[in-house]
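Structures incoming, each one as structure tokens.
Here chain A shows up in two complexes: once beside chain B, once beside chain C.
For the complex of A and B:
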């Protein structure tokens, strides 16, 4: 072994890890553990409660986070909302990223009518009020997990398409793309193996922020009654129910709102952390 | 169909200038390459050397087009093939060593994976077989500890090593023709000598087109040399012959401006003026404004005069054979 590789490994060990990334990562792992072990941490039934215990404030008796208007334990309900919210955000992000990245790459590779059609489509969807499209789609195919996830994905893929298109145009001007053509790599391979890896840092950062956006959008749509089935214990539904009792039982609003804020802040920390690390890595390479 | 390895006939590469005008980056170049020979193409920046090379691979960058002439590689008309057909030829029938090894390798890919990709593109090999082939090629081009280098990223390699990787990429599938575009420009003098040596030895089975602005580099390894100026070939002949007896005033000017150790001479004589800007249109002979022999006849562009061992485009050649009968 030559001396080069070990030295580089030491160098990367000395690079200071980003503090935001560490906090965000730890929080993210905690959230995942809580989601997976939700039956362990919150064993109760989120759909039934003791009507005699309605409107119990926080830290009263056995109710750590209080109860709602039907005496249901908010601790149990907020846990029950976790997989739903994270699941929808996850699926929606994946749909948007896959569709958007493919569309952006194709638009960058194929000038002419293909590029024009994709770019105009992107413009149209971004310019159109998202809520109206969401209402239309959900009115047509009904509420529930998949309709909501697909709707959010369809509404937001253009943002990926736009960013990927702009970045890919720049990457395709690089000499290594020309070099790959010189040794006979077909266009499809060049897009996937040479241009796509260069987009990785950008996509990772977008992914983190977009995931957070999707979480908020899901809660907002549920709040408006467009998302989850009405009885489902989701954060958006809990917020919607809390509206009537805002002044008498503010904890009903605070608990789901705090859950949303915690998850969103976590994701934003991760996004900022990745952005900062890739920036400093890029500096180190240059 | 030609029996030559590569034959180029009156090729023009054109770029649009504005709505009505266009200019020729390569303006009617003809040449042939025989199997196994080494041809140098020498010229200043902007003389169209690189565009000529890219046209041979069907890779003239947009908005440029090849709008005239024929390019045949192993009998295949390069200028009339689809992108798909071209991509099977590139790397298999013709390889190219790139000008700048610093930017020619994808920074997020291991260099070995690039080689394996090229091998699997052109030959049906399993990944393990392709890796063995890649390893052998690395050994062939003299990369130390090749097993480790296969899994290195470009930024972990020095400039000289990267250029060796580029050469490995060009010759991994043993194409009969390799085009090297300024392969040593970005390297320092010692590495330059090593890379030239490598090209000379390793490519003995393939034909090589060496594109350079450095006559010394061309003199080092080329059998024949073509001197380009403003998109045209000024003079083409056997290397030693051209060095000893330049027929074109421009070639003579280049030689007089080149430092030589074996030639005791007090001063270098620069060619007065500067070359026409790439894209400008010069009527008549493009070298006329800088030429000491220019006459009214030079208002007409000279045709290519061909003798048995030399091709020349000049109204005022420097020695007898070319000066009559025109």
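For the complex of A and C:
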């Protein structure tokens, strides 16, 4: 069977990564290193500070990024927010991708009522402002890591389902899928072995953008007071707190804002970069 | 035409099913919060008061009976009395609909006024150096979440320059920052879509034909390439309306804009379920109506969509 895919293999060897992907990849690795080595780079306690040192601006004394209204070091707090934000985005993305990809594949494979039901669900959920439902769910079931991650994942799977469905329909017209069918390969196996690998580039691009969206959604909900526990040092909470002190301590807003922007731009670079490389790959194939 | 009606009917059915699932979800969410009667009367209520509220709102009946009662009241748009305000929840929500619509409408206009010219300019010659630089700026702007934009705008125009107020909505000056904030949710993305569409349109054969007839490059861009690129852009605005409503929720909270979103977030703080249910209900109908209108509009603008291919 694998002999039917030589063109894709050859093309993948000649893939030339573009500049966006390189910059994004390097930034991503840096962020990961910083997250893992959090205790090394920012050893202090993000929850306590010296009240005498409150509202210290950036680069004053030992505080590189300044301090907040309780004298807590913003450098440590920004680092403390990293695993939280990345963790929620990670879990939410995984849930959405697994559910969405499965639903999309099933819809592509089974015409008739199953397809109709899945597609209708996808259309209606996408057409509704997800944040509104998320707000209601979080308000009822409470804040915290898992409620937030699961809610975000459950509300966003249709985005994957829609793309996977459209793409899988196209892939299933390919000759190698037809050949596999004639060969008597079971449909489940064809979907997993032959259709799913073809979706890889698209899924990677979606993954990067969706991850960024989840990160923004998480910080938006925390900002509204509906995400992280109120005292937790997350970027959304820090932004919400900073609103009262815009006049005396603008850095309290700028630091978490910059952190969010850096991570989101990194992910967008990766997403765009993969899209550009896979498109040029497609051009090289044809 | 008959198939048009059929299509319309199918959408209505899908929407009714959706609305039903949303209100059901909201009903069971209320049960998840614990005893709704306790939420309503507050912490320092006597057991008698608690019992009275239970009977008054039917919380002592079996769950299914409650659900049936709830649905029958929704059918006549009776969402109950707001816990916080002692007024009918539906009326409270409808009062807030206007400001949200104004904010959303204004920011769509601003988005179009920024994105179309900028996108057309960027897409005309995407490889020119000045445009590469602007393109990179738009790319980064796309990575800045709307609520961050809002805070930065307040920092610059309200705190540092003291030109514009940061909250309220009576004076038109108050409208500028919220509108710009909400516009920032969509403008960078739309700019990039317009730019990509213009670049693509400029490669088409009809452009080459027009060029060979001596059409100036400005006319090529504005008269020939842009109208085609705009279709995709308008489709994006229509499809992203739901996203804009999410953005409006955040924008309204930041600027204390008395709209649906602010009401909803406030209602979640006190678990004011009648208001939450009414607000979500109205938002659902609003989004559905807008999507239906956009589809209809596209049928008018683009003759290719009028056919019934499927």
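The rule we apply is simple: the second predicted complex is superposed on the first by the 270 of 286 C-alpha atoms of A that agree within 3 Å, B and C clash if a C-alpha of one lies under 4 Å from a C-alpha of the other, contacts with A are read in each partner's own complex, and residues count from 1 in each chain.
Quick note on the criterion: a contact is a pair of C-beta atoms (placed from the backbone, for glycine too) under 8 Å apart; a residue touches a chain by one contact, two chains touch by 3 or more.
These figures come from a predicted structure and were not determined experimentally.
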Taking chain A as the common reference for superposition, should the pair chain B and chain C be classed as clashing or as fitting? fit
For A:89, is the partner it touches chain B (first), chain C (second), both, or none of the two (neither)? neither
Partner chain in contact with A:185 - chain B first, chain C second, else both or neither: first
Give one of first, second, both or neither to describe whether A:264 is in contact with chain B, with chain C, with both, or with none. second
Touch test for A:193: chain B only (first), chain C only (second), both, or neither? first
For chain A, which side has the bigger count of touched residues, chain B or chain C? C
So, A:175: does it touch chain B (first), chain C (second), both, or neither? first
Once the structures are superposed on A, label A:243 by its partner contacts, choosing first (chain B), second (chain C), both or neither. second
Of the two partner chains, chain B (first) and chain C (second), which one does A:212 touch, if any: first, second, both, or neither? second
Which angle, to the nearest 10 degrees, do you get at the Cα centre of chain A between the Cα centres of chain B and chain C? 100
Report for A:139: first if it touches chain B alone, second if chain C alone, otherwise both or neither. second
On the A-aligned overlay, A:42 touches which partner chain: chain B = first, chain C = second, or both, or neither? neither
Minimum CA distance, chain B versus chain C, superposed model, integer angstrom? 14
Both chain B and chain C contact which residues of chain A? none
Of all residues in chain B, those that touch chain A in their complex: 57, 59, 62, 83-84, 87-92, 95-96, 98, 100, 103-109, 114, 117-118, 121-122, 144-145, 148, 152, 155-156, 166, 169-170, 172-173
Please name which positions on chain C make contact with chain A in the complex. 14-15, 17-18, 22, 25-26, 29-30, 32-33, 139-140, 142-145, 147-148, 151-152, 154-155, 158-159, 242-243, 245-246, 249-250, 253-254, 264-265, 268-269, 271, 276, 279-280, 283-284, 287-288, 291
In their shared complex, chain B is touched by residues of chain A numbered 1-2, 4-5, 8, 111, 174-176, 178-187, 189, 193-194, 197-198, 200, 285
In the complex, the residues of chain A that touch chain C are 120, 123-124, 126-133, 135-141, 212, 216, 219-220, 223-226, 239, 242-243, 246-247, 250, 253, 257, 260-261, 264-265, 267-268, 272
